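Comments concern the structure below.
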Amino acid sequence: MGYANFLYMKGELSLVAIIVILFIYDIFGSKKSLQYYQPTACILLLIHTLINLLPGSETVAFGGMYHATPMGSIVKTILSIGTLLVFMQANSWLKSEQIIIRRGEFYLITLSTLLGMYFMISAGHFLMFFIGIEMASIPMATLIAYDKYRNTSAEAAAKYILSAVFASGLSLYGISLIYGTTGSLYFEEIPAGLNGSPMQIMAFVFFFVGLGFKLSLVPFHQWTPDVYEGAPTSVTAYLSVISKGAAAFVLMTILCKVFAPLVTEWRAILYGIIIVSITLANLFAIRQQNIKRFFAYSSISQAGYIMLGVISGSALGMTSLVYYVLVYMLSNLAAFGVIAAVERQSGKIMIDDYNGLYGTNPRLSVVMMLALFSLAGIPPFAGFFSKFFIFAAAAEQGYYVLVFIALLNTIISLYYYLRIVKAMFINKTETPIEHFQTDAYTRISLIACSAGILLLGIISAVYEHLNDFSFGM
Amino acid sequence: MEYTVLIFILPLLTFLALGLLGTKLKPNVSGSIGTTVLGICALLAYITAANYFSMPRVDGVRETIIPLHFEWLRFTENLKIELGILLDPISVMMLVVITTVSLMVHIYSLGYMHGERGFQRYYAFLSLFTFSMLGLVVATNIFQMYIFWELVGVSSYLLIGFYYTKPEAVAASKKAFIVTRFADLGFLLGILLLSYYTKTFSFELLTSGDSTLFSQAAGTTFMGCSVMSWAMALIFMGGAGKSAMFPLHIWLPDAMEGPTPVSALIHAATMVVAGVYLVARLFPVYYLETPEVLVLIAVVGAVTSLYAAIVACVQTDIKRVLAFSTISQIGFMMVALGVSGLEGHEGLGYMASMFHLFTHAMFKALLFLGAGAIIHAVHSNEMSHMGGLRKYLPVTHITFLVACLAISGIPPFSGFFSKDEILAATFAFSPVLGITMSFIAALTAFYMFRLYYNIFWGEESSHEHTPHEAPKSMTLPLVFLAVVTVFAGFIPFGHFVSSNGEAYTIHLNWTVAISSVIVAVIAIAAATALYKKKSPVPDRMAAALPKLHHAAYRRFYMDELYLFITKRIIFNHISRPIAWFDRHIIDGSLNGLANVTQRVAYAIRGIQSGQVQQYVYVILLSTVVIAALVLWFL
Amino acid sequence: MNILSLFVLIPVLTLGGLLLCGNTRQIRSVVATGASLLLALAIGVVIAFLNERAAGNTAEMLFRSDVMWYKPLNIHYSVGVDGISVAMLLLSAVIVFTGTFASWKMPFQQKEYFMWFYLLSVGVFGFFISIDLFTMFMFYEVALIPMYLLIGVWGSGKKEYSAMKLTLMLMGGSALLLVSILGIYFHSAGEGAPLSMNILEIAQNSSMPVELQRWFFPLTFIGFGVLGALFPFHTWSPDGHASAPTAVSMLHAGVLMKLGGYGCFRVAIFLMPEAAKELSWIFIILTGISVVYGAYSAIVQTDLKYINAYSSVSHCGLVLFAILMLNQTAMTGAVLQMLSHGLMTALFFALIGMIYGRTHTRDIREMGGLMKVIPFLGTCYVIAGLASLGLPGLSGFVAEMSVFVGAFQETDTFHRVFTIIACTSIVITAVYILRVVGKLLYGGIVNEHHLELTDAVWYERFSVIVLIIAIAGIGLAPLWLSNLIQNSLIPVLNQLNF
Amino acid sequence: MEIHMEYYLVVSTIMFFAGIYGFITRRNLLAILISIELILNSVDMNFVVFNRYLFPEQLEGLFFTLFAIGISACETAVAIAIIINIYRNIRNIQAKNLNQLKD
Amino acid sequence: MNSAPQEAVFYILSAAIVIFSVMTVTTRRILRSATYLLFVLFATAGLYFQLNYSFLGAVQLVIYAGGIIILYVFSILLTTTDKDKVARLKNSKILAGVLTVLAGAALCVFITITHNFGPTRYVGDEVPMKVIGTALMGTEKYQYLLPFEAISLLLLACIIGGIIIARKR
């Protein structure tokens, strides 16, 4: 066996390869050749996505340290697609004067965080999981601080890294107690040692904080709005979908695989957290004026919905969760694509600034509207389907009251999503954002997102494909 | 006798044609179309009557014929609405009455409505009314009757509101519709109850005297009365509404806002007797199943009759006087039905009621048309603007006098015969009632002659231009109806119409007849004394009993009561509070919910302080709390 | 291609066609074509349906088509129609058709307007042809959202408030609905058998325990009831209708509110008959209140649209009331009332829109004597009013009588009392209808400017006349329709008598 | 065995919560960072002790500690870089000045 | 590890850890805080030695004490201004912090003490370097090549990120 173990890690290896290629290109590429940097990065990532498109089979390598499931592989593909979209949307920002000198590193760091998520997803051992989660969050802080002469960017990064480290400290504490009570850090060995003693429960709660933080579930969410607002828009987009999606999937795998004996406890915890997350985030979102901050709260409440899939702990739940993540990713990226384009063009990021956008930029408005409707769960857009399935997964386990509460919250969420629709389509203003042309990359990404939003629900193949590989407790 | 269907189809087609073509037709074209068609209808009706009454009796009973019927709507296996034509003595009689009066009114209107805006519309509505009324009388089942009952109500509404720019007319039409609609609610509930227990709508079955039909309802009581009594009383309520029985009569005086020929047709001769017709139609049911309701009908009829007669004595608007007179006369008919029996000579009241219906239709139409001619001449409804008109309007004067004599019950005019039968029937039932009705008959004579003298005698009031006799088209119907009024009393009515279909020979009850004639003559004499010449006596009488006079003049405040109920209670005390409740409580609670959500959203903003240490503190605190909670509760 | 799928496909194609349109002429020709095709299709389906039935096809649903959609949840795209859905399809087609002509002239953004309008109709038609709970629910929601923009952008008055209120309340209803759909789905089959979303299969299995039905029946009923203007969840209706543009009011009151009644019937009662029997009393009280309450509220309103909206509350209350009587006659009446109310309320809103377009006010205190200046519209308004107050010969009478006769078949005092209460609405209806007609059309001209108003133009006349013909058609010859409906009720009645 | 394993655990717990206390009360960003080191350090100690006392057959705890030390070094490095960046921007590293972003 | 000196060493180190930990977070001078942290780290390393994990102790000394603390000290010197120490929290906030922390600590300590970890199997042997090395470079179970590679990438990313943020341009 030996080093041949590495060959099982196709996804990670190709990603590392991209990182290395880009690293070398960035260092040694001449100034002139560097203008092809962006397309190169995108194409490489596209190739990476394509070669890893087929889910492969379940693999265990490194004595259980690495545990790849087909579902995990699908999630990785989804994440890399999302990253690709973010890259495309980030292009015009990266070309701006202050950032262009740091452009290469943006790709490197982003891909490293993606790699961290890959590790997280395929971890079979708490150490790998821990390294993965840190790898996904520590370099992220530098991305958040990327507009480093902007105070808010730096402030957001500081808030992020401090909260992240604190959360990972608590999480580590939990892991240590798990280790102390079960005697192993291997995922497949832990369940045997779990007996529901108070210490283990406490350990679990502490451990949960780390992922709760990444998912920005209430009450571990407070960094989210500040960071989303302060970070560069493309990074916010990345943060809100990729990192969250990975964490959601990992949480579900770990809860189902590792903490299955504590199912009563974690279901109870999640039950409360879902309600609080969705409700509180919605209440906060209602009165936001800054659109990025608004989307931060929206993403918190979306995370609450995602947890409905986790709480079910069933195969249906996992399918729905991954599907939800996929749809959520496309919708959110569509919205952030528009926000980023508008911000680049006019520097405006307030909801009121979007008044009358339809009059001047009908296409962008329509994309935004699709995204918002999808997020709100309006048919025939994909968001409706993903919401339905995730509710179905929770209802299957008898969580009707929870589903009901979540549904009541969709009313509030519809209210605030409609606020933006209203701003764009109904409100009138003297000074609308002027008509402008987005760059080709953004346009392609927005078209891709819109197509996904329109088609993913109607074409059932994606969901069925996911369902073939999902597993539950 | 399938051709009878034409009697209905033709007016309907006329309505559609005139309604759709509207102003595209010249007024006199549409008028002549309507009149011609109605002439044909009347002819057909006479033929029908002739054919029907010439048919031999079966077992001594006039047959009930249903020449046509088809299913229109099915509710359940048994309960289905059929539309069809039912011919029996009373429906044939009604066909004749309606087509005759309607034809007269059509002809009359050619002159009366000449040059009015909406002439075409007027004829369309008249056709619609005729159609509906005919449909009503030939209904084979109670639901068909209800259908046409409603249609009649609407045509009446449309015709009362014909002068739609006149606020009084609009208000009157509204009032008429709503009051009768309210009564119809009772009718509907009655139908529903009746049909629920009997499982049928059909008149044939209901009136067959088969008591097993009603066995299901036996023993079911509600508030002390049997459910059948309720049903039949409610049905009577419908009839009372249409026939303007007290206290549902309030719409009828106001309905005089409509064109006068309409009043003659609808509010004197035909529609208002629909209630009488309804009771007559269901008479076997009333008599056999719920005799107590018949008593109620008699009482209501008597009270109405008395009330209306008193009020009629003090009204000054000639159409109002006639309207109250109509109410009073319908009361007579109701009383007659109420006191009637079913078999043989017991059924005198029934026959008398129908007879009176027939004669009344003729002379009351005559009175109204006469009044129309007068109004046409002086352009006013008020008695004070009239007086001494006999010189100017000779034809009208004579015909009007004939009608007055008829209604007062002076032989040999038709009213004498029919009213006499009614009085005989009431005396047979209860002398007290008989005396009351005689008194009312006297009042009738009094107020009719008060009216007559005030119009045609007395002092002339000044006119803008000299009144002149109406055109031929108007006087012709007057003459025709006067002739009928003079001779109709000699029709052997019992031979055609009777309570059980067997032949009934009328015998004058001489005691009653003579006494009633004497009473009528005295009343007429009194009226002559008071009103033939300008006399201070009436004013003094009014001054002597100011309250009574005023109350009677104001129709005993029934309209105020109506206004009180509608404006005060329904509008201000039900609808407004409900609307307020809807806006403020229900809507308010929703808006409140939204506001609370907003408030909360603002209230909790402090949680997001911007301080990273506070964020971390929350993480820590919640971790500890979650752990503690889970450990504590699980 | 299944014939029913065309009901979804045609509006979608119309949408696509609109997308390519450049000028008003093209837009109008596209929507006119689409609307006519839909109407023709609906009539065709009705005829085909009657033929099939006459030929002895006794299947519960005809023109079935079934495509597996989401296999993991056993969700199908499954369509089929019985007599009731056919009737509703016809109604929808008529109203879409007339609505299209009623909005022949739009002040701005006509293309977008029609796109939303046709998206709305996709939802409506899809809902009526669906027999799969999921697709049914999906189409239901598809129909809800376009309302927001249609009212918000093209509406009048406090349109934003109304649009938001309407959308949120209806979404609230659909939240309840989604829970109950999931509940029904997860109890749709016995232990071990595959779950199903198909209404027919669920009804056949009828494996839902009564204890659960007790929970999910009220949820479903209220969920659909919100759309059916069930008291006290009706308040979106007055504001929403008042603010919506003409054709949207027509479609909304005419068809969308019927989704509520249809859903209550097709889902709540059909699938949970035991609970329906047990709990119907609660909703009989609520709907009984709706009927009278709406009517009384309408009496004091001064805005034409508010009057009509409250009248809709009353009439739709009667629909639900009749459904809850759980017998054949009343349910037939309910469906007839849906059709009748749909048509006449559409007529009302069309006329109100046309009057508003001329007078620029909807306050009856500011208008009067309009019959003289706009006789066509005035006459049609009277006809609509008469239909509304249940004049025989127009559709309202047939429907109301079926409801009342049906309701009277329930003998216990409770039902009797509420039936009588509901019956009183016929008087109150007369009061407010005549009040409006009196103030609006009769009497003298209140505003001198109104003397210069012009009567309806061709497209207005056209849409109004089509509606009146439909109303009179039902009113004059109701038997075929009522038979069609009655036969389709048999499966439900079998469920109820288990 | 006089030294119970629990003694170590109590010590590490105290260190852990001392770190937390520091984190939520210190005003200087660097001081906050220092508190974090305490937290991480205490966790490391837990791993080691568990490894030594309970599961001596394998070296899982030891290696976890080893990697955790490395990771905490990364964290520190990045965090300090960010703090220095903040210092450059606002000439100050007080936590309370990180208040531009809030509701 | 039965001998008294062992115990004495443990108690001294424990005391040092507890005291210096508390002092680290309570002293108002940041540089002192860093110094106390250094002491805590030293003491922790001492405990590792005492537990016969010499390699770990050494790593602790080199990386933490040697590397990180130096980093801290430099950055403190780079960023500290005089007015920093004036800032004080409100008492209420401190009280809330203290209470929460005490509650948490009480909970944790209580659970730790009451938890039955099962029989301890103290094996006092030093872990041979070779075992550590093989485990670090192996690919089997209980061997850690993959995390080793992963953390190297993490370090790379952090270095790049750190440089990007901290450098002047």
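Each chain gets a letter, A, B, C, D and E, in the order it is written, and its residues are counted from 1.
Rule of thumb we're sticking to: contacts are C-beta pairs under 8 Å (C-beta built on N, C-alpha and C of every residue); 3 or more make two chains touch, one makes a residue touch a chain.
The shown structure was predicted, so the numbers you read here are calculated from the model rather than taken from an experiment.
J.: Going only through chains that touch each other, what is the minimum step count from chain B to chain D?
T.: Minimum number of steps from chain B to chain D: 1.
J.: My parser should flag the chain pair with the most contacts; which pair should that be?
T.: D-E
J.: Please name the chain that ends up farthest from chain B once chain centres are defined by their CA atoms averaged.
T.: E
J.: Mean of the CA atoms for each chain, then the mean for all of them together: which chain is nearest?
T.: So the chain sitting closest to the middle is C.
J.: How many Å are there between the centre of chain C and the centre of chain E, using C-alpha atoms for each centre?
T.: About 70 Å separates the centre of chain C from that of chain E.
J.: What is the distance, in whole Å, between the centres of chain B and chain E, each centre taken as the mean of its C-alpha atoms?
T.: 102
J.: Measure off the straight-line distance from the CA centroid of chain A to the CA centroid of chain B, and report it in whole Å.
T.: Inter-chain centre distance comes to 77 Å.
J.: For chain D versus chain E, what separation do you get between their C-alpha means, in angstrom?
T.: Between these chains, centre-to-centre, one finds 6 Å.
J.: Residues of chain D that touch two or more other chains: which are they?
T.: 16, 19-20, 23-25, 32-33, 54-55, 60, 63, 67, 71, 74, 78, 81-83, 85, 96, 98, 100-103
J.: For chain A, which residues are shared contacts with two or more other chains?
T.: In chain A, residues 127, 131, 134, 138-139, 141-142, 145, 148, 157-159, 162, 166, 170, 180, 198, 202, 225-226, 284 touch at least two other chains, as defined above.
J.: Hunt down the residues of chain B that sit against at least two other chains at once, touch-wise.
T.: Only 605, 607-608, 610, 612, 616-617, 620-621, 623, 627, 631 qualify.
J.: Between which chains does touch occur?
T.: A-B, A-C, A-D, A-E, B-C, B-D, B-E, D-E
J.: Flag every residue of chain B that touches chain D in the complex, lowest number first.
T.: Touching chain D from chain B are residues 605-613, 616-617, 620.
J.: Where on chain B does chain C make contact in their complex?
T.: 22, 71-76, 79, 81, 143, 146-148, 150-151, 154, 157, 161, 164-165, 167, 169-171, 173-174, 177-178, 181-182, 184-185, 188-189, 192-193, 195-196, 566, 570-571, 574-576, 578-579, 582, 586-587, 590
J.: Considering only the defined contacts, which chain E positions touch chain A in the complex?
T.: 107-108, 111-112, 114-117, 139-147, 150-151, 153-154, 156-158, 160-162, 164-165, 169
J.: Given the complex with chain B, which residues does chain D contribute to the contact?
T.: 20, 23-25, 32, 95-96, 98-103
J.: In the complex, go through chain B and note every residue touching chain A.
T.: Result: residues 597-598, 600-602, 604-605, 607-608, 610, 612, 614-616, 618-623, 626-627, 630-631, 633-634 of chain B touch chain A.
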